[in-house]
Each structure stands twice: as structure tokens, then as C-alpha cells.
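One chain, chain A, appears in both complexes that follow, with chain B as partner in the first and chain C in the second.
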Partner chain A sequence: MSKHSRLLLAALAVVVIAGLIIIPMNFNRYGLYILSQWAVMTIAAMGLNLTLGYAGQVSLAQGAFVGIGAYGAAILTTHGWPLIAALGLVIVICFIVGWLLGYPALRVQHHYLAFVTLAFSTLMFLVFRNESWLTNGIYGISNIPRPEIFGFPTRRPLPFYYLCLGSLGLVTLAMWWLIRSPWGRAFMALRENPIRAQSLGIDTRRYTLMAFAIGSVLGGIAGVLYAPLTQYVDPVPFNLQLSLDLLMMVIVGGSGFMLGPFLGAMIAVLLPEWLRFAEGYYLMLYAAAVILLLIYSPSGILGILDRYLSERRTKAASALRAAAQSKLEAAQ
Partner chain B sequence: MTAVLDVRDVKKSFGGITAVDGVSFDVQEGEILGLIGPNGCGKSTLFNCILGQLVPSAGEVRVDGKLVTGQRPADLNRLGVSRTFQLLQVFPKLSVRDNLILAGQEHRGSMLSRLFGPSDAGLTTTADQMIGFFKLEHLANEPAGGLSYGQQKLLDAAMAFMGGPRLVLLDEPAGGVNPTMLGDLKERLIAINRERRATFVVIEHNMEFVMSLCSRVMVMAEGKVLAIGKPDEIRANPAVIEAYLGH
Partner chain C sequence: MSNLLDLIVAGLATGAIYALVAVGFTLLWQTSQTINFAQGEFVMLPAFLMLAVLHLGAPFWLAVLVGILLSALLLGLAFKMLLVDPMLRHGVLPLAIATMALAIGIKEAVKQFFSAEASPFPSIVPVGDVTILGRAISLQSLGVLAVAILAVVGLTALLNRTSLGHQMQAAAQNPTVARIIGVPVERMILLTFLINAVLVALASLLITPIYLAKFSSGEVLGQAAFIAAIVGGFNQVRGAIAGGLLIGVVDNLAAAYVSTQYRAAVPMVLLILMILFRPQGLLGRAEERTV
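And then the complex of A and B:
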């Protein structure tokens, strides 16, 4: 990337971040709720983007980890734990469970792996619904408190939105660090060619398990924010549908692109709102839009941009070559 | 002196088919051993047995005197045994430089230190030296998938050397490479062999390439060693001519 375009990108990022901070100040309660939900779902989708987009491991269990996070936060904070302590415990649990869920991936891949993770997702849903001693079953857990952050209460929608946005910011920074570290390179090697990766000394077992564990932790973090956002959890939002929605967010946004989940979550959370005018037809329009997008660009929205940029680069390179060629001919 | 690679009575069978049938040989430090033989004679299976991609049904493999039979490829690689594959095996979406950094990054420090350390694992200089050595400078930032076949072959070979290996097994490095580039590749391999005392085993069908590159040549047929010796002896060996070289 040239210095010029890098500057442009940084400026764009500043404008978007400032916009996300300033514009919602005028939003009503519902608008802030939707935007907070976007931030939370983006975090969960980023986790799946790591597991699936970068490391190439299919998972239909991300929704279950959001559920584990949400229930963890709901149960602990209604028992007087501070949210940050619940977060710590959820991170540890999701890391361990995600690590264990990675073991099948060492033996099976692709659609077989999808089935294994799907089974886990269903299993967790049954736990949320049936283990009433812990989760209060179908009645759910209500009156989940919103936390105080450094003494600031986040009971009102705007401060809570800032909490979600701030968390998203921190997660994004951590993710950015991870992806540009040697681990990020190893994850991509896992996706593109595990056998070659092994022959280069890359411990594919450990990196596969790590991809699952870290991706699951992000699902858990999203859940920990989800519980105080809705202030009520019951099993229904954490059924297989959520895992499928998260998968769609990753694919539509652009799997394996850092910013893919931001766009994917935006479409999944906001598009239904924008399509409200269509009333009963909205789901049809939504589905048609997704199908058309994936036919046009199987690598998602960011795939279109990527294609455009690389085409331009190729053109520039061949123009350069042609110029050099004609110079050479002129000299002869 | 212990051999860098010592293979004793290695066997590998798949069901009723014995692909490698009791192969023994050793390779001394700094040697370039050629491995030739008709298609399906067990060369690549032998490679895979040595490198841990396959576990031999019987026999022993030693590297620098250390028993490594059945060790996982990643562990073996970190012990200093590297390889290239018969079919192209670069990471198409990573840049040429990132392919090389990736090939070296697991060779030092712990996994945790790599997470918190610099993003290039301190290997940019080494990678760029390798890029220069294989004359790929103008392509350093291009995604490897955009390179020509021959250039990808060069990158593939360069990757095998990033970890500073003791022993490199090359599976048909010359296949599909045009003659000019082939000369380049041979020159590079000889230079690395001399400068770094790296030891090679090379599977190859291009006879001219093998005979001019290798100090010794081993011929396999039907899973067994048919002959082993200097290139000239192999060329003159009647059994080899019968089985492989032709009249």
C-alpha cells in the first residue's frame, strides 16, 4: 500500500470512529439498542472469523459460546459478582471448552466438522433449556444489572452503548495484533495448506486448537455484554439459528478480512430494520440480497473491494511493463 | 563420523502392496544424493516415511545418529530436516516475503514469545537475503499465487532453506521448470550446499540435472534399492539401464 492510500485509510478510520461516538448521542433508546447489538455481534463474528476465516476451521458453534458468555454473566451478576469478574471466568471457561471442541477438528474437516460443532451447539441449547437449577430453564434469568465502569454507571442506553463500543475497540486491537503476529501467519498457513505448514515446523495441532479456543473466547466476551444489554436471557436466542447468523455475518462481510465482521454484523443487524417498510416480504428481500451478493462475490463484500484493488494493481504493473518494453524497443 | 541421514531396512506397505521394501542407505554431511527410479517405485513414499508424513511399517530412520522414526513432521523440521514437495506447495495468498518468514518463524523461541514478539519474528532480513539469493526481489511483496510456475518452484525451494536446515529432501525440484531457470536453480542449490554444508537428497527424473548435481545416485525399482554409486557407475550399470534408463 502506498503512503498516500495509507493516510487516506487512517483518515477514514478516524471519521468512522468519531461518527460512532458522536452521532449516536442523538439516538433514541431503540437506536442505541440496535447499535449496541451490532457492536456485540461484531465481537462474536470476529471470533468466528478467526476460527473460520483465518484458520479455515468450520464452526457452527459460535452461538453456543455467546450463550455460555450470556448465561455466565447473567448467573454471576445476579448473584452479586461484578461483571468484570464474570468476564474473567467466562474467558477461562470458553477457552477450555473451545480448546476441547477443537480436538474433533484434528480428525475431521469441512462438512464433517460442521456437523460435530452443530451437535455441540444443540447440546448447549439443551443445557440452557433443561438444566433449570442453573439457568432457570425456559423462564430465563431477568433483572440482569448493568455494570459500573470505573465508578460510571452504565444503566442508561448511551453509556452502555459506549461500553459495548469500547469493548469492540479493545477486541479489535487485540485481534489486529494477533493477525499480524506470527500466529496470524500460522493460522493462514493452516487454512491454505496444513501439510506444507507441518513440513515447515508449524505445530498444526496446537494452532488448530488455539484458533478454536481464541475464537470461542470472543464468542464468550460477546455473550458477557449481551446479558446486561438485554437484561434478560432465555435459551431461545442461543439456538442453532444464532450460530448460522454469525456464520452468515462472517461470509457476507468477507471471511478472512479483518473488517469483514463489522460489515457482516451491520447487514445482519441493521438490514432487517431498514427493510421494515417491506413488512412481511422483508425476509424474502433479505435472503435474495444475500444470494445475489454471494453469486456476485463468493468472498463477501470485502472480496469485491479486494478484487477491484488487485485488478488495479495488475493493470498498473502491466502498464509499467509495457512502458519499459517500449523504452527498450526505442533504444534499439 | 555419523551420517546425517541413516535409513535402515525401512518398509512401508499399504494393505497388500509393499511400496517400500527394506530400503537402507546413508547420506554423509555435505553430500548431494540423487534418488531416481521409474514412477511408482516408492521414491516419494520413502521420502514420506523419512519425514514422518507416513509412519514406516518397519525399520529405523536416524538423523545425526538420533532415532526419529515416526516423529511428527513439524518436530522433525525443527530438528533441521526440511523438504519440498513434488507438487507446488506455496501459500498463494501470502506475499513471497511472508511465505519465507512463515517458513522460518517456528524455528526459534516459544509459541508464546512469537505472539508477543515482533510481527516478522525478526526474520525480514533473513527472508530478504533469501529473496535476493533466489533472484525474486521484484516479487517480494506479491502474493505467491500470482507468480509463474517456475518462480513458485524457486520460492518453494527457498522456503525449505529458511530454517537453516541440516538436511533437505527435494521431491522433483526441476519438474516443469524451464531450462534457463533450471540452471539458476542448480547453481543456487550447489551454492547453498557448499556455503552452509547443507546435505541434500533429491528425487528427480531429469537425468542431466541429477547427474550434474549429485555426488552419488541411488536407483530404486519396485520398492527396493537397485543400485547406489557415483553418477558414472550408475550410467554404466546394466541393471539400471534395463529397469530405468533404457538402451
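And then the complex of A and C:
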């Protein structure tokens, strides 16, 4: 990437971030709720993007981890714990459970792995619904308090939106660092060719488990934010459909691209809202849009951009080559 | 004891329907690496197509016929041409996601154009009991079982006894070689999509009188069919049948003896154990792991 385009990208990032901070200031309660939900779902989708997009392991269980996070936060904060303590506990639990869920991935791959994780999702949903002593069953947990951050209450929608946005920023930075670290390269090696990765001395076993564990932790973090966002948690949002939706977000945005989950979550959370004018038809339009997009570009939205950029690079390279060739011929 | 027998018969009847759906599911996987997440919705839709024709005043037999034809057209031909063909060469996952979106689309379309409420559906088998060896067995269960077994036997005969079936198997097992020896692979793949569409229409016809026609009823069915396909063996028609029957019986027994709350968990646990300890399924062959 040239210095010029890097500068352009940085400027664009600043504009988008400033826009995300300033524009919602005069949004109504519902608009802020939807935007906060977008931030939360982006975090969860980023986790799945790590597991699927970078490490190449299919998981249909991300929704279950969002559920674990949400219930963890709901149960602990209604018992008087601070949210940050709940976050710590949820991270530990999700890391361990995600690590354990990674074990089947060492044995089976692809569609089999998808179905093991699908079964896990369904089992977790049954636990949320049936273990009433812990989760209050189908009645759910209500009156979940919103936290105070450094003494600032986030009870009103705008401060809470900033909390979600800030968390998204922190998670993005952590992810950025992780992908560029040797670990990120090991994950990608795992996706591209596990046997070659192993022959280069990468402990594929450990990295597979790690990909699941870290991806699951991000799901849990999203859940911890989800509970105080809706202030009410019941089992229904954490059924299999959420896992499927998150998978859809990752693929539609562009799996294996850093910014894929942002766009994917935008499509999944915001597009249905924009289509509301179509009333009963809005989800049909949404489904049609997703199908058409995937037919046009199976590698997602960022796949289109990637294709365009690499085409341009090839063109530029061949133009350079042609120029060099003619210069060489003239010199002879 | 008599209770147990009733449970098993009822379980076999539902299991036979799962088997029909699971067989279609494995056929699509074998011939075109399509994991159809909309398979449950494929079962839900034909019943509504038949109801629509009934509302136009057609007799029941005609409605069934038109329903099956429409199903072959929409869920077979159109599904393959419009969705699977353009996406197939881009790998399994984008296509699987597209079928998830399709499932949402079908559900919403039915909710919007028909009804969000459950509608009753006429049964092809008369309601009542028949006495066999001194005990009453529901006629509906027997009828469902009979139709499903007929369909499965017919399909197996088609696959194993006829030249057409052999060509289909060849196209599924090794498309390149099949093409070289002159099998019209494209036509064979299209045929499996049509067979799948007819199977789901049949399953729809059998199951809807029991559980009513509802836009959301595909979710449970689709999942049961996935599990049946995996437990039985993803790459074998026989396996899918065995898996379907097994899941039907296990599900029914679990509801009676484990707990109604965790009834859905039992097939899931079975699925996990199966994948971990015998991933090729009950009757499947081991698939070579691709590097």
C-alpha cells in the first residue's frame, strides 16, 4: 500500500469514527438502541471472524457464548456485583468453554464441526430455558442495571451507546494487534494449510483451541454488553438463529477481513430497520438482498473491494511492465 | 409395556418422515456439496402450496398433485438454477449461508402471503385406530409408515436397480470419470434436486396433518433431518433412513422417559457422541480427509 493511500485510509477512519461519535448525539432512543446493538453484534461477529475467517474453523456456537455472557452479566449485576467483575468472570468462563469446544475441531472438520457446534448451541439454549433456579427460565431476568464507568452513570441511551462504541474500539485495537502478532500469522497458516503449518513447527493443536477460546471470549464480551443494553434477558434471543445470524454477518461482510464484521453487522442489524418501510415484506427483502449479494460476491462485501483493488494492482503492474519493456527495446 | 410399543410405533412413524427429509438432504450433499439449511422450510412450504390450491376449490387429490409439481418446480428446478448453480464453484460455506437466508425468505413469505396462524391440513390416511394382535394402533401412524417405506423402497430401487440410478450414483461419486464415460452429469444433478423436491413434498403431505401447517414448523424438522443425516452417515442413503428412524424413536422415548424439558437434548447428545466417536455415521463409509 502506498503512502498516499495509507493516508487516505487513516483520514477515512477518522471521519467514520468522528461520525459515529457526533451524528448519534441527536438520535432518538430507538436509533441509539439499534446503533448500540450494532456495536455489540460487531464485537460478537469479530470473535467469530477470528475463529472462522482467520483460523478457518466453522462454528455455529457464537450465539451461545453471547447468551452465556448476557446471562452472566444479568445474574451477577442483579445480585449487586459491578459489571466489570461480571465481565471478568464471563471472560474466564467463555475462555474455558470455548477451549473445550475446540476439542472436537481437532478430530473433525468442516460440516461435521458445524454440526457439533450447532448441537452445543441448542444444548445451551435448553439450559437457559430450563434451569430456572439460575436463569429464571422463560420469564427471564428483568431490571438489569446499567453500569457506572469511572463515576459516569450510563443509564441514559447516549452514554450507554458511547460505552458500547468504546468497547468496540478497544476490542478492535486488541484484534488489530492480535492479527499482526505471530499468533495472527499462525492462525492464518492454520486456515491456509494445517499440515504445512504443522511442518513449520506451529503447534496446530494449541492454536486451534486458542482460536475457539479467544473467539468465544469476544462472544461473551458482546453478551456482557447486551444484558445492560436491553435490561432484560430471556432465552429466546439466544437460540440457534443468533448463531446462524452471526455466521451470516461474518460471511456477508467478508470473512477473514478485519472490517468484515462491521459491514456484516451493519447489514444484519441496520438493513432490516431501513427496510421497515416495506412493512411485512422487510425480512423477505433482507433475505433476497443477502442471497443476491452472495451470488454476486461469495466472499462478501469486502470481497468486491478486494477484487477491485487487486485488479487495479495487476493492471498497474502490467502497465509498468509494458513501459519497462518498451524502454528496454528502445535502449537496444 | 404396551405404552412402550405405542411410543415406538409413533416414533417410527415420525422417524420415517425424518428419513424422507434426511435422504433428500444427503442426496443434495452427495451430488453437489450443498448443505441445505432451508430443508426444513422446504418441508413446510408444499403443505401451504396444497392448501392454496384447495382454497381455489380443487379436490384434495388434485391439490396434492399440483402441490408436488409446484414443489418440484420451485424447490427443485428454481432452487438449483437460481441459487446453487451460480454459487457452487465458490465453496460450501457461502452457499450454506445463502440457504440460511433462503430459509428466512420462505418463512416470511408464507407468514405474509398465507397466515401467521397454524392451519389444519387434511390427512391422506383416515383417522382412527386399527387393532393388531389385540392392541390398538393409530391408523395414521401406520399409514405414514407405509407411505414413507414405499417412497424409500422405491428410491432405493431406482438408485440401485436401474441404469438411471447407476448413472446418478456415478455422477455423485466421481463426476469427472462419470463425464468421461458418457454420463450426463448435469442432468443427473438436476434429477437429484427434483427427487429432493418430491421427497420434501411427500414428507410435507405426511407430517402436516399431525403438526398442522405453520410457517415456523420447518425449524424443528430441518434440525431433526440434519441430525438424522449425520447420525446415519452423511454419504449414504441407507444411513439417512436408519438415522431418521432412530432419531424418531429416540425423540419419542426421551419425551416419555427423560423429561419433556430436555427431550430435545437427547438427539443432540447422540449427535455429538456420534461425530466424536464414529464420524462416518452408523452405516456410512469413512470420508477421506482432504488436505
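General remarks:
To be clear about the criterion, the second predicted complex is superposed on the first by the 332 of 332 C-alpha atoms of A that agree within 3 Å, B and C clash if a C-alpha of one lies under 4 Å from a C-alpha of the other, contacts with A are read in each partner's own complex, and residues count from 1 in each chain.
The rule we apply is simple: a contact is a pair of C-beta atoms (placed from the backbone, for glycine too) under 8 Å apart; a residue touches a chain by one contact, two chains touch by 3 or more.
Fair warning: this is a prediction, and the values are worked out from it, not measured in the lab.
Considered on the superposed chain A, chain B and chain C are sterically compatible, since they fit side by side. Of the two partners, chain B and chain C, it is C that touches more residues of chain A.
By the document's definition of touching, of the two partners only chain C reaches A:281; chain B does not.
By the document's definition of touching, of the two partners only chain B reaches A:203; chain C does not. By the touch criterion stated above, A:193 is placed in contact with chain B and with chain C alike. When the shared chain is aligned, chain B comes close enough to touch A:181, but chain C does not. Of the two partner chains placed by superposition, A:80 touches none, neither chain B nor chain C.
In the superposed model, A:151 lies in contact with neither chain B nor chain C.
Of the two partner chains placed around the shared chain by superposition, chain C is the only one that A:108 touches, whereas chain B remains out of contact.
Here's the short version: in the overlay, chain B gets within 10 Å of chain C at its closest Cα pair.
On chain A, the surface patch touched by chain B in one complex and by chain C in the other comprises residues 193, 195. Residue ranges of chain C in contact with chain A, taken from their complex: 29, 35, 37, 83, 86-87, 90-98, 100-102, 104-105, 108-109, 111-112, 223, 226-227, 230, 234, 261-262, 264-265, 268-269, 271-272, 275-276, 279, 289, 291.
For chain A in complex with chain B, the residues that touch the partner chain are 178, 180-183, 185-186, 188-189, 192-193, 195-204, 206. Chain A contributes residues 58, 104, 107-112, 114-116, 118-120, 122-123, 126, 129-130, 193-195, 240, 244, 247-248, 251-252, 255, 280-281, 283-284, 286-288, 290-291, 294-295, 298-299 to its touches with chain C in the complex.
Contacts from chain B toward chain A in the complex involve residues 51, 53, 72-74, 77-78, 82-83, 85, 89-94, 98, 101-103, 105-107, 111, 114-117, 119-121, 159, 162-163.
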